[in-house]
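I've put the structures underneath this note.
In the two complexes that follow, chain A is the common piece, with chain B as its partner first and chain C second.
Showing the complex of A and B:
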């Protein structure tokens, strides 16, 4: 009797479960039949990256990416980092490298239906050059002399000097904006109208909520490269991306450094796939090169010797990263990476020796050195909350050589402002873009206290050198100066992966060399155009195949079986009672 | 000699009444455990809480509660964490209690001074506490001493008001009036006749304040507004919540639960002590529970 009752309960549970799952599956499949929605979340909580217009986005990778869904550039990069035609079908460079002729794609339309022509190209370069301060993103527009319009589909860009990285750093970076809208805008930084997000891109912005960090785009069905393979794209801000993936609140997120560990718990989970990518990202300690005592090169070297990067990689990142190239360029980028740089291996005696020689000596024996005037050698180490653990380790490592450190946690935008103002001694900060030598323009970016005329001259020479071998030698030299002058000490390059639900979208890939000028995020707009499938798996590990999508039929069968069982058992019980 | 024995029997009587209430004894025992933990932390803790071992180790013989995300022993962190919480709690409640008592006595005894001080108290009480603390902590460099200052500034007004109301009633008692008529100076009356009578009330207030401070400190640290390198229970929780797989693995059992329990237990024990003391102070309340 008990047995039977148990069975009946069990059957009931099965019935209720399968019925509900069946209904859910039916509703989900009904939803996907009409609209394919993909939601992703950044790994950083509080994901506001600014209004995704060319003048409104927050000047860091994720901000540019959100803008790049709406605006196109003349060229773009495919998954191998090769420059491919985009708004321009083809181009020619003149002998002297000063003139670039672009043949534009025919029939491209702005989101409002107006045609895109060579006049827009001319206007875009002209307008953004004029409002260079409002356009906070990296650009080298000072090289542009003027742009000529030959006909509706031919634009000629004249440069003041030959510019080696032109195709990536300018043509593949500066967004094209519609002349008919922006010509009347005098203060682009304040133009956050709906019309400010009219571009030619694969998506149109439908919703942006600054407080929530919420972005919603719909596919541009008239897109000249074909309609995107999804209908709606949503970017959310979540506290815990791994949990959000599990609950289905999001369909994709990237994880890097210590957080890439979650990949191991998703690798075997049905319905999920993991893709590893190279990460052109670096975490570094930025020194203030204008303030005593961090303006002394030897002092910065002493700090570098005291910081144990191996320990940080092991304890904080748990091996999901490598100690960084002190010249910033990622070691995977064999074309630019200079392998012969000093790496300042952890050496307390060496550090102490330098500090002693500089006259920072612990006179009162309290374990903290003093300046010559008797004041304690103590600094504030500023860090975003994400890197508080790295800061904690650095604090104890510097304590070993007698340097006092107080850790102060700030949010990223405040920290970026402090770096620009130069109001700091030591800051922990990180950025992408280290696959592209243009990051060497200001090696202590987002800080700006490193000023060195020989270095600047070399940097300028490098980008005007069209001969690849010569240019490479110059980039090597630049890295050498960074590693020896140490305006910043690169700590580690984290590993990076993205975890996603293949049933929603399975075309995610990491772009070799990074998107645009080197953004190491898996958000190349080609992902949403289904391009990845065409040239499958050149980098990143293969993804485990996902199980076949759940068929609602199975649930229906379960429900019927459950119902039958219960009826049968009820009947049997009834018979016995009688 | 005789005076001392009287005091001892007094204490004994006090303890007898206090221990009648089991809840108070339980609270006291828990509190004592935490105090011992805090005072003797270097001897009790199996490791230095800043020493690094293998990160994310599960509980084992070496690390009874495992290690955290950068390889620090969680049990040792927990034991040292008691220091931060209890130190801030007791320090703040005693200092703010002291300020509150002095101002309360003055404002209760002298009407004009009282009016003036009470307006200041009104202003302070109108400010919502936690949001203000968060605001200040966000601007100041987070350190234990800054927290102590903030909590003290925000803690004294309530004590002042409570003490004042008691002084107002005590002031009109016959024995006080008698002392005044005999020509006793104000300071003498306040210290000899009024202070001993507000003392029981003060003790209850200190205990309540202490529990508030512990909670506030933990909340601040949890929100990441404390000193990121300090070892406090709130900070342990903060880092545990930041850990990527905290929700999808077992780690929370030994990383998140223990500091949470510690916070709950300390506050609970302070509450218990507070209840028991309140009954001790207020005989009417005691009578009621016995009936």
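Showing the complex of A and C:
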């Protein structure tokens, strides 16, 4: 009896459930027809990048991007990486490069209707410099001395010393915040009020859900650069972005390195298009320049000749990458990239020759060379788990020239500690930011064993050189020193792609040099303003066609299962009665 | 008297765990600043100068001596304040509350299901020992149960999410849905729950099933079963009232032990389905060396395990009358 009642209830639940899901599906499709909504997700699991206020986002590229939809800067970058006027219409630099005068755009309004003026510019630089532990991208803030207000639409930024990358790293990076809201906030990191996301930007935040990693923005119809071409923008958290694209849960996602290989399955799929971009990211081997024997430049060169970077690109990222510039700057950045550097093409004989000359010889014939005191030439190669495959390849490549390597996988924080203490020989590490010459400040970052006074002086000189051609020559020199001294050997630059549904939005592009200080994400706010459409070739885009509507399969299956159960029960009852 | 020692025992455990949670993360290499200012592998490198570093440490109260920090932490805890997460930049209590509800829903549903199913199937299997249903169940449950949860989850996603398009492939709820009624919302949540819960049920049912089967086999050999049969009681009645009741004792202990493990053990399933549970959060907290979050999360897990043990003790008393008179 109990059994039967239970089954009947179950059947009922299933029926009600399937019916309501069906209704829901209908109501959803009815609601989306009116406005233009674009949903996107990154291919990094976890869509939460923090509250999109200037002080709430997590210190990662996707966090800054989500904030940049709401807040504007004085300058911005177009798709070619050229600095373009944004909140400032024009600007002048003083002779000594220390004073920058900005002429602001007239009639810009904060989301709450208040006018944006030079006083807000003064307040923003002052406030963010004072709270630079809360604004996580504080790198260049220390160059700011103070800001003067000339009139409502003219602000003058005074620097402590000339700073060549000022227009990108400060003017194009520091978000402008409204004085009337922030002047009374003493701990900006903990201010996560609705008023904390009032900016001048093209979008207004509607909803943010930390647990689910969801963001929803609505277009700012009063935007001073024109209304965005979409009405609503949504960012989701997914684990498998390719699956989410296929089911229509998202309209766009980017893929990176070896994961970019999913692009091949989308390239010919109707309704999808693929666009490729560089990632401005490098994987490198960091050498300890203070410890014997990695402190010998010739020894580091021998290691470089032993490592086959082409094999790594083929095996690990399946060809979705290029061998790196040994001077770190990404080759796509034609303005800074020095193309005439040694690249240490794989050469076992050359490597062996150097090692022999240095006196590391395999006396006992076990395949591993020895130091002069007879100890084996063996190292630990430290790596985070992400790059374990690269580490194993390097291990086998170094074994060919008679260097023993033990791969040790560590978590990031531990590795960071070891790098800071200088307690290592070889470490594999990866990072972005290589579109910006700033990265050359410490080429073996996050390590710090490379100390070279000529180099540091050159770095400081380029930072203060306002003449572009002269600065370029200095940045070339810096790269040459990195490539020749080899404090770190750059392995590869992965490629990335974005896959999207052109019928939803087809203006995606990768910004040369990255967004802001160099974020490689295809989410320049210009994408949503439709600027890219002008003069945009349709390279790499497949013919768009509408995707199949969601099939009501699940509901049907449930209903059939429910009906079958009920029929079966009736049948059973009938049998009993007989 | 007996009750008092028991309560004292629980309090001691909680205090020990609190201090453990406080000191252990701080003895790990690295600190929360690594991730705030650019750890290796991060997308944008940031070089941190000493002055800013000191400022950051002071902001998070990490510049004080360790014992002072511990005292501060204990005082705050007494006031019910779990602290402020360094990475997530939000109160630990609200982060945990937001995540815990999903974990409890997922674990609660799947635990109830796999326990109930495991017990029933184990009992049926033992009762028909050597028969077709026994061998069939044994083979089926052992083979599907040996799938790694990650793989199984991916399989379900590809099959039911992408190919058949029956279930959503990620999340615990449709994003930003405007629900017209609470029933609709409940259905949406249920819709998202089915695949991850199924994955957990399939991966965990084998253990319960096997234990129940063995336990039943022991009980079936007992004299009182023979007596019951001799009395002419119906098979179904003996199975339920005599055999199953006695066979359930070891299961209770096992379930209590499993609850704590489940919270952290669902991490793989949470990852595959991008389900916003505590497991993922815990993993990130360790990665980011987010001390306040680590302390809060481990404290909650400890409390849940202790509560589960307490419940198991109570249930045991009800199931086994002999213990009541001790």
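Definition applied: the second predicted complex is superposed on the first by the 335 of 578 C-alpha atoms of A that agree within 3 Å, B and C clash if a C-alpha of one lies under 4 Å from a C-alpha of the other, contacts with A are read in each partner's own complex, and residues count from 1 in each chain.
Throughout what follows, a residue touches a chain if its C-beta (ideal position, glycine included) is under 8 Å from a C-beta of that chain, and two chains touch if they have at least 3 such contacts.
Every value quoted in this text rests on a predicted model; they were computed, and no experiment measured them.
In the superposed model, A:243 makes contact with both chain B and chain C.
Once the two complexes are laid over each other on the shared chain, residue contacts for A:472 go to neither chain B nor chain C.
With both structures placed on the common chain, the touch criterion links A:346 to neither chain B nor chain C. Of the two partner chains placed by superposition, A:180 touches none, neither chain B nor chain C. Legend: residue contacts after superposition of the two complexes on their common chain; A:36 is shown touching neither chain B nor chain C. A simple residue count on chain A separates chain B from chain C, and the partner touching more is C. In the superposition on chain A, A:103 contacts neither chain B nor chain C.
Using the contact criterion defined above for the overlaid structures, shared-chain residue A:409 touches chain B, although it does not reach chain C. Once the two complexes are overlaid on the shared chain, A:259 sits against chain B while remaining clear of chain C. The interface of chain A with chain B overlaps its interface with chain C at residues 240, 243, 246. Residues of chain B touching chain A in their complex: 50, 52, 55-56, 69-71, 141-143, 224, 227-229, 239, 242, 244-249. Chain A makes touch with chain C in their complex at residues 17, 20-21, 23-24, 27-28, 31, 39, 45-48, 50-51, 56, 58-61, 64, 132-133, 136-139, 142, 189-190, 192, 207, 210-214, 216, 234, 236-240, 243-244, 246-247, 249, 281, 384, 386, 411-419, 427, 429-433, 439, 441-442, 445-446, 517-520, 550-551, 553-554, 557.
Across the complex, chain A is touched by residues 28-31, 34-47, 49, 52, 55-56, 59, 84, 87-90, 95, 98-99, 102, 154, 157-158, 161-162, 164-173, 175-178, 180, 183-184, 187-188, 190-191, 271-274, 276, 280, 284, 286-289 of chain C. For chain A in complex with chain B, the residues that touch the partner chain are 240-243, 246, 255, 258-259, 261-262, 265, 311, 314-316, 318, 380, 383, 385, 388-389, 391-393, 395-396, 406-409.
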